Amino acid sequence: MWLDATFFYVFALMTLAGAVMTVTRNSAVHSAIWLIVSLLGVAGLYLLQRAEFLFAVQIVLYIGGIMVLFLFVIMLVNLDMAAKEKQFNGQAWVALACVAVVGLELGYFWMKGPGAFKLAQPSLPKAMVMGGNTERVGDVLFSTYLLPFEIASVLLLVAVVGSVVMAKKRI
Amino acid sequence: MNEHLISIILFTPLAGLLVLFFIPSSKKTLIKTWANISSLAGFLISLLLLRTFDKNYGGFQFVERFDWIPSLGIHYYVGIDGISLLMVLLTTLIGFVAILSSWEAIDDRPKTYYAMLLLQQTGMIGVFVSLDFMLFYVFWELVLVPMYFLIGVWGGPRRLYAAIKFFLYTLAGSVLMLLGILTLYFQHAEKFGYYTFDTSLLMRLDMPLHLQQWVFWAFFIGFAIKVPMFPFHTWLPDAHVEAPTAGSVILAAVLLKMGTYGFIRFSLPLLPKASMDQTIVQIIAVLSIIGIIYGALVSLVQQDWKKLVAYSSVSHLGFCTLGIFAMNPNGISGSIIQQINHGISTGMLFLVVGVIYERRHTRLISEYGGLAHVMPNYAKVFAFAMLSSAGMPLLNGFVGEFTILQGAFEANRWWAAFAVTGIIFGAAYLLWLYQRTMLGQVCNSKNLGLKDLSLREWAVFAPLIVWAIWIGVYPKPYFDILEKPVAQLVERVRPGYYAGPQEARR
Amino acid sequence: MNFLDSIWLIPLFPLFGALAMLLIGRFLDPQAPSEVAVSPDLAGETRHHGHHHSGPMKFLVSLLCPGMVLVSFLFSLGAVAQLAGKAEKIHEVVQFTWLAGMPFHMANGVIARFTADWGFLLDPLSSVMILVVTGVGFLIHVYSTGYMAHDGGYYRFFGYLNLFVFFMLMLVLANNYALLFVGWEGVGLCSYLLIGFYFHKKSAGDAGKKAFVVNRIGDAGFILGMLLMFATLGSVRFLSVNESLSRLSPEATFGTLSAMALLLFIGATGKSAQFPLYVWLPDAMEGPTPVSALIHAATMVTAGVYMVARSNALFKLAPETSMIVAVVGAFTAIFAASIALVQNDIKRVLAYSTVSQLGYMFVALGVGAYWVAVFHLFTHAFFKALLFLGSGSVIHAMSGEQDMRSMGALKDKIPTTFRTMFIASLAIAGIPGLAGFFSKDEILWQAWSAPGGSKTIYAIGLITALMTAFYMWRLMFMTFYGKPRMDHHTAAHIHESPAAMTIPLSVLAVLSIAGGWIGVPKLWSLFGDGFRTFELWLEPVFASEAAHVVEEAHSGTGTEWLLMGLSVGIAICGILLARYMYLSRPETADRVQAASGPLYKTLLNKWYVDEIYDFLFINGMSKGGGRVMARFDSLVVDGGVNGAGWLTRFSSTVTMWWDTWIVDGTVRGSSFLVKLASYPVRIVQTGQLQLYALAFVVGIIAAFGYFVTR
Amino acid sequence: MNPASAYTSVDHFVLLPAILLAMFGCAVLLCDIWVFPAPKQRKWLLLFVVLGQAFTGYALWQQHDHLGLSAFGGSLVIDGFSLFFNWIFLAASLIVSVVSYEYLEIEGEHHGEYYGLILLAQCGMFFLASGTDLITLFVGLELMALCFYVMVGFLRGQKRSNEAAMKYLLLGAFSSGFLAYGFSVLYGIAGSTKLSVIAEQISMRPLWDPMVFLALATTGVGLLFKISAAPFHMWAPDAYEGAPTTVTAYLAVASKAASFAFLLRMFLGPFGTLRTAWEPMLIAVAILSLTVGNLAAISQTNIKRLLAYSSVSHAGYILLGLIAGNDTGIKGVAVYILVYTFMNLGAFLVVVALRRKNIIGEDIDDLAGLMQKSPGYAVLMLIFLLSLAGIPPTAGFIGKYYIFLSLVQTGHYVLAVIATLYVAVAIYYYFRMVRSMFAAESAETAPLASSFGLRLALGVTGALTLGIGLYPEPFLRLAQTSLGKW
Amino acid sequence: MVPVTTIHYLALSVALLLIGTIGVLTRRNIVVILMSIELILNAVNINLIAFGRQWENMAGQIFAIFVITVAVAEAAVGLGILIALFRNKETVQADQIDLLKW
């Protein structure tokens, strides 16, 4: 029980710290690294929530895929001069203020009706009666959510074509 | 033939327009000829109305009624009574005259020019014949566009400003008017459960006074801007001055009448209570009187020939509105006759300006003087137009003004007293104009070689002159035509007006 | 043939002539006025310079136009003769309905229709008028053939002249006020055209415009009067008006009637040049002299008199208005006469004398002696026309010179003119036996004796008579007697006018003598009623006069003799005084001038009336200062409309200003504002995508905030 | 396993249009690489597109007889709504692809991928119109969006195009992040992604429940961004201006229509019961859109940018219809979208025609003297502008008319007046263009581009813009049947 | 110590969302902006997972998978565009791309 909690706080800390670092680092490379940290934290949370498959996806796809992509691009467009310039634009403080306001408002929401947010007590894992998480995911994904799955394939196709069209010097 | 006569009249110009599209732009003469032919045809056809028009029947004649957009309750519903009959005839004639008058004046993109004129022709006729409110509104808007171009493309130096001003002014007004229309529309739906723009049906609902007032003001803005009544008139001089001759002729002779016609055809019968509401009547009467005097005074100081005439129309239209809101048979019928007269005489005045403008390309009065020596016939025609506009007895102007004065006198003697001053000033500014342009010596050498009226120009003036004399000497037929519809109108606005002891003697 | 039923033809002959002239005249008389008008140095009277050869066609013109008037004169004679034969002296012919109005709620709630027929009424009054109009008109036409022989636009002149006769006949023959108004406006128009006949002269144009506009002011009154009449009586047809007036109890619509009468009278003051609307008449002398004779002496200006006489039934019911009429008339008479005393332009003297004579007529109308007014109208038509034509002949001889100071000793050079004018002057001065005496003396007597009259008015009339005699003979002496004061060049030119001009003069001279003998005073009983035809003839029109005549019989005959003698004496004094000052002791005139310096100047400057306007125009304005004023000042100097001119100018300038700056300004302003408003909206779009994102977030804040603050 | 897994014939029937679109999309892409690589042969690709649209159209036509059919366990439906919009998408993408051919040649960026992307984007729109499941909708939305990101940046050589694409993508992704967040909350509320379930769950909760409101706000904001309503509109002018004109047209018409379909699905479906909560927000947004759109447009000189702002204001008008919310209002929305599609397409097509070799032709001054140069285009443009301004007897009037009608019916008089006033403002800037077309003298005399496709497209749009205005009856019926159910 | 409830996760996700937003709003480097967007999407995912756990159905996780997919796709295209942009403009600073404005 307390173990869960501890892990939660650890991962949460990872996530937030990583996020903050990502946003604040000067060099894009560092940001990328810290992003990885943050994503790992999220992955951990998936694990805590019994979403092992997502955990895997997160590790492999995000950290494996996207980050490589990012770093790749970072190499491609050399950012060292970008790293020297100032990192925050003119409206930074205004933006912070605004975001703070948003935060406060959300907080108010919370005050308003905490009941609304707590739907039910976190139920204990049902001792995985029906196969592992991955199986269940697969099950649902290919039955109930077949349609979005197909669309996603088209989506990825577009992503490929698009990035090629954009990035390639001449088609 | 007869049962579709109105539609035929309505769409003749459009047909001409279609044919015009297939004439290559290079064949200018052909284009001009065709435009003239089609407009003349329109006029001749419209004369057929007289043959079968029954002046003893008060209601609408030659009625055609088809569903157009049934789901909105919009119909193609046209027909005419005595009032619209006169308006239609005026429109067709003036349309023809205007087109004929621009034979030499317009050489730049004649195809589009004549297309615009013809389109406008259809629009104007449509306004005068449509009995479905939405149909009316559509034509009302349709008229704006060609005029916008006539001013904005073939106009004078400040044409763009004038055009946009004209457009915005009138459009703003008509949009408010639309709101008023919709209110009626909904009221009808609330009361009878279905939507319709058919005025004869809308006639049935008598709304509470306050609502009627609301709608009345909405209409008022729309119509008053078009007329134009006093505070809303400033688009007029600019539009007139910048517009090409034909444009100003049509603008003065027909477009302005759309406003007054609107009052007569829609405001009064649809909103009888509001129309009889004393405050409203008082306000409008006062505005009209201000318009009469103000227009005349301002004309007096104009340096620009055309602007002077433009302001004079403000004054004349003041008479028309005053007559309408005298709210009695004389006032209304007089107002209608005066609208025709104004069409004729001011139309002539603008043509007169156009004639000289074609030759000298300036409208500054100071540029002229002593033209009577150089162009005697022209001077005669101008004198004629001037007199008919100044309300010389035995010419059309007098009949209208005098009848209106009767009406005004009956309604409120002071109105008449003030309105009469308009006649004095009218003489003043016109005579002064005449003196400055026609009389005196030819002190500007440019004016020496000017040619007198050509045969075509005579042809332009002739019909108007004849008509002016006819109305002046024997107006009875017109009153006969108006008798019944006006009676109906007055009965609607002031029930029981016609009851009461009759004076037998003449 | 039956002339009575064809009286509607009488106006049509001149109309025909006019149309013929105005439409095809240019071909009959091919003369392009342009070459005379182009160059400024020919700005003067074109008569002497217009190199113009008369042709057969022109002869046709001079045959046609007078001929037309002659024809209608003969028709009139016939008609009048037949009317005389009829039992009740009234005959109405209706062609068709001209104005057919709609139902109209009269003051008493009865519904009536304003109907005005194209109808003609011949009764004693109108028969007198048509005879004068056509008769004198014809003579003047003949005269003009000679006078205008060398003028440009010959055909135009005759066209206008005929048109005038047409409208004048319409005016006097109409059977209702509306149709009368047609003639009323028409003659105004013609006078405008004829005054401005030499339209290359700016002054001519101005004068014409002034005449028309001032008349218009009167007409406004007339229209209102007509409307008021219709609203109260339900008709504007003379007969029915009189009839319903008789039905009316005066008390019932007391104020209304006098208001009605007053409005009509305002119309009359405009047309008949009474104070304060007389200003146009002197200027009207810009027109050719025959025009002055026909329009501004004999006929048109008397239209007002005719109209008031025509409405006598109404005026009788409105005593206080009649009083006003009398007073205005008297004042105008003496006022104009006083101006005439010192004028040097021969035509202006006559013009002011006309004004003052008209004043006499209105005095007569005011005191209720309608027939006398018409009688004076009748005689005045003869001798005043004669005087004008005579002066025309003089000017003709003096090759355009109008200033009497450079005339003199003409009586032998142009004998006929001299003799005829001599007679006319005697007549107007009121020497017994000549036409003027009878009418004027009757007026004075009525002013004294009639119930409406008063001693003051009589006194004024008497003084006026003195002045009249004086200025007329001053004119005579300065023109015809003494030593010549003209330069040699003109002197060489002097010649008697052609027969075409002298014959009408002689005819009119005869009339000026004989004209009076049909209206001798009742006093001269030895002559019998034959000599009082005029009064008796008009009796049916002014029926109720009979009563007053009866009552006037027993006011002492002695007094009447006395007054008659007095007026005669006065007249002779005037003549002698003039003789003394301007013939025997010319220097006295100057001494008098010197002695009565300011008065003299005042008179010479016509009581500064025009200067007062000018003051209102220019000084007042420039003193008033301000750019607006200055601008407007220049406008006025351009020669604006008189009367309320300055107010007109002022207000119109102000309205213009209001128009361009306030009303129009708001329009421009609004569109400008809209344009302006577009920039802040655009400026937000900086192209900084993160700003866009920020806007997005702000939107979210707003959305949440809406929940929070709810 | 469970029955849901079976891919039934019903599923197939409902999905068919999307399948066809995707197939032809892929086909185009493949052919571009292997079958017709040569520039000369690209016309065949165009043929493919037309063919694909034909098949899709046929499939859609089939569906007309089976309204109310739903597939994939209710995550995809056929109803009048979806069909109505699908037809619009079809028309739009057909016209756009026909026109693009010559345009891309002139721009020198003619690649087969373009057509593929158009088809795939349309495929995405299909799901937006007929999806009833959060995930389907979300993925469909992203599919469409991605295609547009790419197409906007299609002129890779041009800074403006890149910039437009970059901005559009970043902002789009940002907004869809919030949209997704909202969806997650919705899921949290309902425990399901089916709109129907969500709807009933929401209706069970109190009206001002913070969680519901959180979902509403974030989702709404995301959607409003997509329809480019102020203050979430700011991407639109830049994207519109930078994108290739044909793409701008597609973006302004199809993407907006699709987003509106999505928005209506949400606001009339799950959020339908929250009207009191969102009506004020939408009112604010609508007024703001009208203001910003119209005012900003006044002083624009670039036609595309001007039209972008005007499209913002049009979004405002459409929202007004939704705000009124009665039968007339919803019908009005449908009519307006229909009308808007054609008139706006037409206007952009004229701009396309203005683009010639080394003449950009996007400035209002480039319209100068169009009347002499080619009256046909001028008159057509006039018709489109009149219609955009809402002057009878053009289609635009009918659209606006319905909106006003609904507003007055539901007593939103103030809104009606405001909207009316902005019509006047709109007239002002539309007529700046008209003025320069008719009044001004033309600077250059190069003839306008006029391929057969372009003329055909212009003819169709022009005819419809005028036709709907003159005899709107059938189209009104169509709108009735499509959105009548709400 | 308090048991970890859904609310904790929600709070966390909100925090992540805000941080991501801050990144998007303030960083000049477009690459970093893209990363921040990834953060936002992760916040969404956290939500989804939490709720999914709450309701004990798979929809949440599935949705999360699709969100990840979308994130990937967007990142790919975004970076592609970025490269194209960089090729022409030689910059990756967000506030330096302002050809299109007003």
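Letters A, B, C, D and E mark the chains in the order given here, with residues in each chain numbered from 1 onward.
Note that in this section a contact is a pair of C-beta atoms (placed from the backbone, for glycine too) under 8 Å apart; a residue touches a chain by one contact, two chains touch by 3 or more.
Predicted, not measured: the structure shown is a model, and the values here were computed from it.
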With a step meaning a move to a chain it touches, how many steps does the shortest path from chain B to chain C take?
1
Taking each chain's centre as the mean of its CA atoms, which one is most distant from chain C?
A
Count the touching C-beta pairs: is A-D or B-D ahead?
A-D
Taking each chain's centre as its mean C-alpha position, how far apart are chain A and chain C in Å?
104
Averaged over CA atoms, how far is the centre of chain A from the centre of chain B? Could you give it in whole Å?
73
Report, in whole Å, the distance between the mean C-alpha point of chain A and the mean C-alpha point of chain E.
6
Would you mind pulling out the distance in Å between where the CA atoms of chain B average out and where those of chain E do?
67
Sequence positions of chain D contacting 2 or more other chains
135, 139, 142, 146, 149-150, 153, 156, 165-167, 170, 174, 178, 188, 210, 213, 237-238, 428
Quick one: which residues in chain A touch 2 or more of the other chains?
89, 91, 95, 98-99, 102, 106, 109, 117, 119, 139, 145, 148, 152, 155, 158-159, 162, 165-166
Could you pull out the residues of chain E that touch at least 2 other chains?
20-21, 24-26, 33-34, 50-52, 54-55, 59, 62, 66, 69-70, 73-74, 77, 81-82, 84, 87, 94-95, 97-101
So the touching chain pairs work out to A-C, A-D, A-E, B-C, B-D, C-D, C-E, D-E
Quick check on the complex: what are the chain E residues that touch chain C?
21, 24-26, 33, 94-95, 97-102
Where on chain D does chain E make contact in their complex?
134-135, 138-139, 142, 146, 149-150, 153, 156-160, 162-167, 169-170, 173-174, 176-178, 180-181, 183-185, 187-188, 191-193, 237-238, 241-242
Within their complex, state which residues of chain C touch chain B.
22, 26, 32-34, 37-40, 43, 96-106, 109-115, 117, 178, 181-182, 185-186, 189, 192, 196, 199-202, 204-206, 208-209, 212-213, 216-217, 219-220, 223-224, 227-228, 230-231, 234-235, 237, 240, 244, 632, 635, 640-641, 648-649, 651-653, 655-656, 659, 663-664, 667, 671
Which residues, counting only chain D, touch chain B once they are in their complex?
371-372, 375, 386, 391-393, 401, 404-405, 408-409, 416-417, 420, 423-424, 427-428, 431, 435, 438-439, 471-473, 476-477, 480
Under the definition above, what is the set of chain C residues touching chain D in their complex?
671, 674-675, 677-679, 681-682, 684-685, 687, 689, 691-693, 695-696, 698-700, 702-704, 706-707, 710
